[in-house]
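In this document, chain identifiers A, B and C correspond to the written order of the chains, with residue numbering beginning at 1 in each.
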Amino acid sequence: MRGALRDAFLSALVALGIFGPMVGLVSTSGDHGLSLQVRPIAVAVVVGLIFAGRLLILSWRGGGPRQRNLALAERVARAGKYITPILLLAAIALPFTGSRYYIDLGTLVLTYIMLGWGLNIVVGLAGLLDLGYVAFYAVGAYSYALLAMTFGLGFWTCLPLAGILAALWGVMLGFPVLRLRGDYLAIVTLAFGEIIRIVLTNWVSLTNGPNGISGVPRPTLFGLAFSMDGGPGTFGDFFNIEPAVIQRIIFLYYVILGLALLTNWVSLRLRRLPLGRAWEALREDEVACRSLGINVRNTKLTAFGIGAMFGGFAGAFFATRQGFISPESFTFMESATVLAIVVLGGLGSQLGVALAAIAMIGGLEALRDFLSFLGDQMNSPVFAGIASELPLYRVLIFGIALVVMMVLRPRGLISGRTPSVALTKLKEIAPDLVAESRS
Amino acid sequence: MAYALQQLINGVTLGMIYGLIAVGYTMVYGIIGMINFAHGDVFMVGSFLSLIALLGLSAFGITSVPLALALTLLFAAGIAALYGWTIERVAYRPLRGSFRLAPLISAIGMSITLQNFVQVSQGARVKPVDAIIPGGIRLMDRGGFAVQLSWMQIAIVVITLTILGIFTWLVTKTPLGRTMRACEQDLKMASLLGIDTDRTISLTFVIGAALAAVAGFMFLLYYGVIDFYIGFIAGIKAFTAAVLGGIGSLPGAVLGGLLIGLIEVFWSAYFSIEYKDVAAFSILIIVLIFMPNGILGRAEVEKV
Amino acid sequence: MLAVADLTMRFGGLRAVDSLSFEARKGDITAVIGPNGAGKTTVFNCITGFYRPTTGTIVLTHPNGGTYALQRMQGHRIAAAAKVARTFQNIRLFAGMTVLENLLVAQHNTLMAATGFGVLAVLGLGRYRTAEAAGMEKARHWLDAIGLTARADDPAGALPYGAQRRLEIARAMCIDPVLLCLDEPAAGLNPRESEELNQLLLRIRDEGCSLLLIEHDMGVVMRISDHIVVLDHGKKISDGTPAEIRADPGVIAAYLGEGEEDEVPA
């Protein structure tokens, strides 16, 4: 116990050095330029938290060595059988709540789930760390917006085109760089993502630059538009109901649900086919793959291209839902968010990705709501204050979660691997055997 | 001609800053083979620490420029070193021996954390400061274009060269440097020979972070304005510099930094300032594809 | 079958392999032996396309008469088209995949061809189903051959060492090779496992696949090889039947000169 106290005290000392200047001394702009504002209480709170946290961790860790993950992986995999249909039913039923807020949130979460599943093909299955996934999302969004507004094409015509264009970009970008080692590949894809964003910002004649493109057309249901005038050929007119904004919102929700499920279905199918198996083999050992006659570059390209295609689909959906796109929406932060979801969910696990997206996108929103609700109910400005500040901390929490996840469970929430085929009985594979490429 | 000379001066100054950051990347890569993605953000933190120190010193009424520079440098480098040590301890050390991409993902998380931590604690607005050392020398005046060499630029180059000199002495002439180079050659062997590799790796992060903080201070002096986002772009450029110079090579990092600084400045001066970051990113891609060993790096032979 | 002529591989100033020529005949087990650092693995890496030789030719002739200049082919084509399979000194299995999956990945090109560019198979159409059944059948054949049928659904990384060696050989055989290159297959095996390995290799040879192996275990080499090539410092110092090699004073000198008495052929 004394050792723990001493350790915690040292941690607090380090925390004081780290947080003291940054939290305690804030540069604020006043009348005469910048000046320092001193915040001793904030520092005391942070350092106190670190002290207490360290003490807690130390006393909790005393409970014995960590258990193997296999039992847990088996249990989660078994629970997954029940969780999956429940989640699916909940997703289908969500619009029946009729709450615009929940449907919007659901749409957002589903967009991230779809992006996560798309990136999962690249990172989780093929083991290629792509830090520029947002580039394909951007290509899809801009492809749809520009095609629709220049040539007057509809959403359903443009959707496959946007996907194909994004895939083409993926293959084009991937071709020269996919032979690079894992971490170099990560940096290069990041650079590509940034280049695309900078070009979108500066190529004003095509993209309208930082001001973005507004008035992106909305999708139709078999040619029925969701317009508010209720004129002939609209959804309201055809079904003889009063046109309302919520109809379009619900329609968009089901579109993204369908797209996400398509992504999921294709990934699951591919995993059981030679291509998907080759992706996973590539993740395990590239050199062995080569010795077995697998064309490593082409196999990587297919993963990159297919992942990019789903990113493109999601981008087209994003453009049509927002009705407005600008380079602002396609920053590195977006790539990092999707990566965080994939990593937290468990590289390669479809259910894990969905759960992580729900927790990270939906969970934080829910927390904010809950806090502001508490603030309203108790008339307490503290909760309301935290609630309004919470979005600021969202990305900070992402960052911390990534680090904590890597340190505690580097293979994510659902970390075991389900074999793609079995002679007699499928047995879950323990995460510590599933390796990234060792070359 | 005069215009080009001015660009050369500006490019070298900028290149010094990139070189200082690049040394941190290359040292860490040399020893544990990971890209310390958060290094650019340590540079940013160093920049903010310098700003805080300068503001604090002026609040205490210390106006002597050399004293203020020295104290700020010490403070920023010291606290940043603590950041470097903590980051390695918290986010990277537990992952040694984990799967290959784990440290990189953790580093990305750390980078995001640092960026948003500074944004939350110090605010998202840009922070402008007045020039600390105003004025300069007018080198030549031709065709209505005056070539300026500011005192600030001289100070930056002098301080950088001094720090790099100390650092070179540290790495080549001291026992500490010897253990560092031993770890770089073969970490496992070094540990078998009784070198405390954990301690050496920690020290690498500490030194790298201190150098990055010096660069952050120089950046603040040179541009006079910083925000929480500067680390991302500067970090990638410095990483490019490290790769261009040959990752793992210390002189290569400085050389690469100079080249990247010059390329960026000349590109902005003669082509397009909007696309100056595209130039840096494109160089990164081209270098990685066509000469992944860089200028001064060692070739890697694939072991089967 | 395999003709290596004037092969040289230089790394910087070092000549790891120095104008080496030898031949491996069809239906033979040819062993390449030599002290540590003699350049055996480098020769293997040249043959299987992991290194591109500095000079020299490596020509493979198929039983049906087709010839392949291996030194010019891309690494994966050597396995896919020329049908040369290999194993590695430090076993390279897909540790996180099951034994069965390992064997199916090896049949990638055959199975992939049946998927109709992936599209048809994703939709559940086409002839992929029959191709997959055939693939499973082949996997089952090799599982029986290496005695791992009962462990087909276990991860490869969880197998004992000897079983991993056998699985790596079976996996290589799943590409239907005409030439199988084995890099120290008996390393780390106990005598019983070593004997099982001998039987497996002889069986592979008798089924019509030629073998080329690097081996340190002279027991294995002398018992199963039809032909032995001895390397030292990148050069060939002897070439012949086991009996001839055993009697060659140059070979004994090379081994003794390296101070590896324990490996003197018995």
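Note that a residue touches a chain if its C-beta (ideal position, glycine included) is under 8 Å from a C-beta of that chain, and two chains touch if they have at least 3 such contacts.
Treat the numbers as computed from the prediction; the structure is a model and nothing was measured.
By number of C-beta pairs in contact, the leading pair of chains is A-B. The greatest centre-to-centre gap from chain C, using C-alpha centroids, is found for B. Spacing of chain A relative to chain B, judged by their CA centroids, is 30 angstrom. The centroid of the Cα atoms in chain A and the matching centroid in chain C are 44 Å apart.
Chain B and chain C have Cα centroids lying 48 Å from one another.
Counting partners per residue, chain B has 302, 304 as the residues that reach two or more other chains. Residues of chain C found to touch two or more other chains are 50, 88.
Within chain A, contacts with two or more other chains are made by residues 287, 435. On the chain A side of its complex with chain B, the touching residues are 14, 17-18, 21-23, 25-29, 33-36, 127, 129, 131, 176-177, 180, 182-184, 186-188, 190-192, 194-195, 198-199, 201-202, 287, 332-333, 336, 339-340, 343, 392-393, 395-396, 398-403, 405-407, 410-411, 435-439.
Within the complex formed with chain A, the chain B residues making contact are 34-35, 45, 48-49, 51-52, 55-56, 59, 79, 82-83, 85-86, 90-91, 94-95, 98-106, 108-123, 125, 127-130, 232, 236, 239, 274-275, 277-278, 281-282, 284-285, 288-289, 292, 302, 304.
Against chain C, the residues of chain A that register as touching in their complex are 266, 269-270, 273-275, 277-278, 280-281, 284-285, 287-296, 302, 417, 419-427, 429-430, 433-435.
On the chain C side of its complex with chain A, the touching residues are 48-50, 75-81, 85-86, 88, 92-98, 100-101, 104-109, 111-112, 115, 118, 121-122, 124, 128, 136, 140, 143, 149, 152-155, 157-158, 171-172, 174-175.
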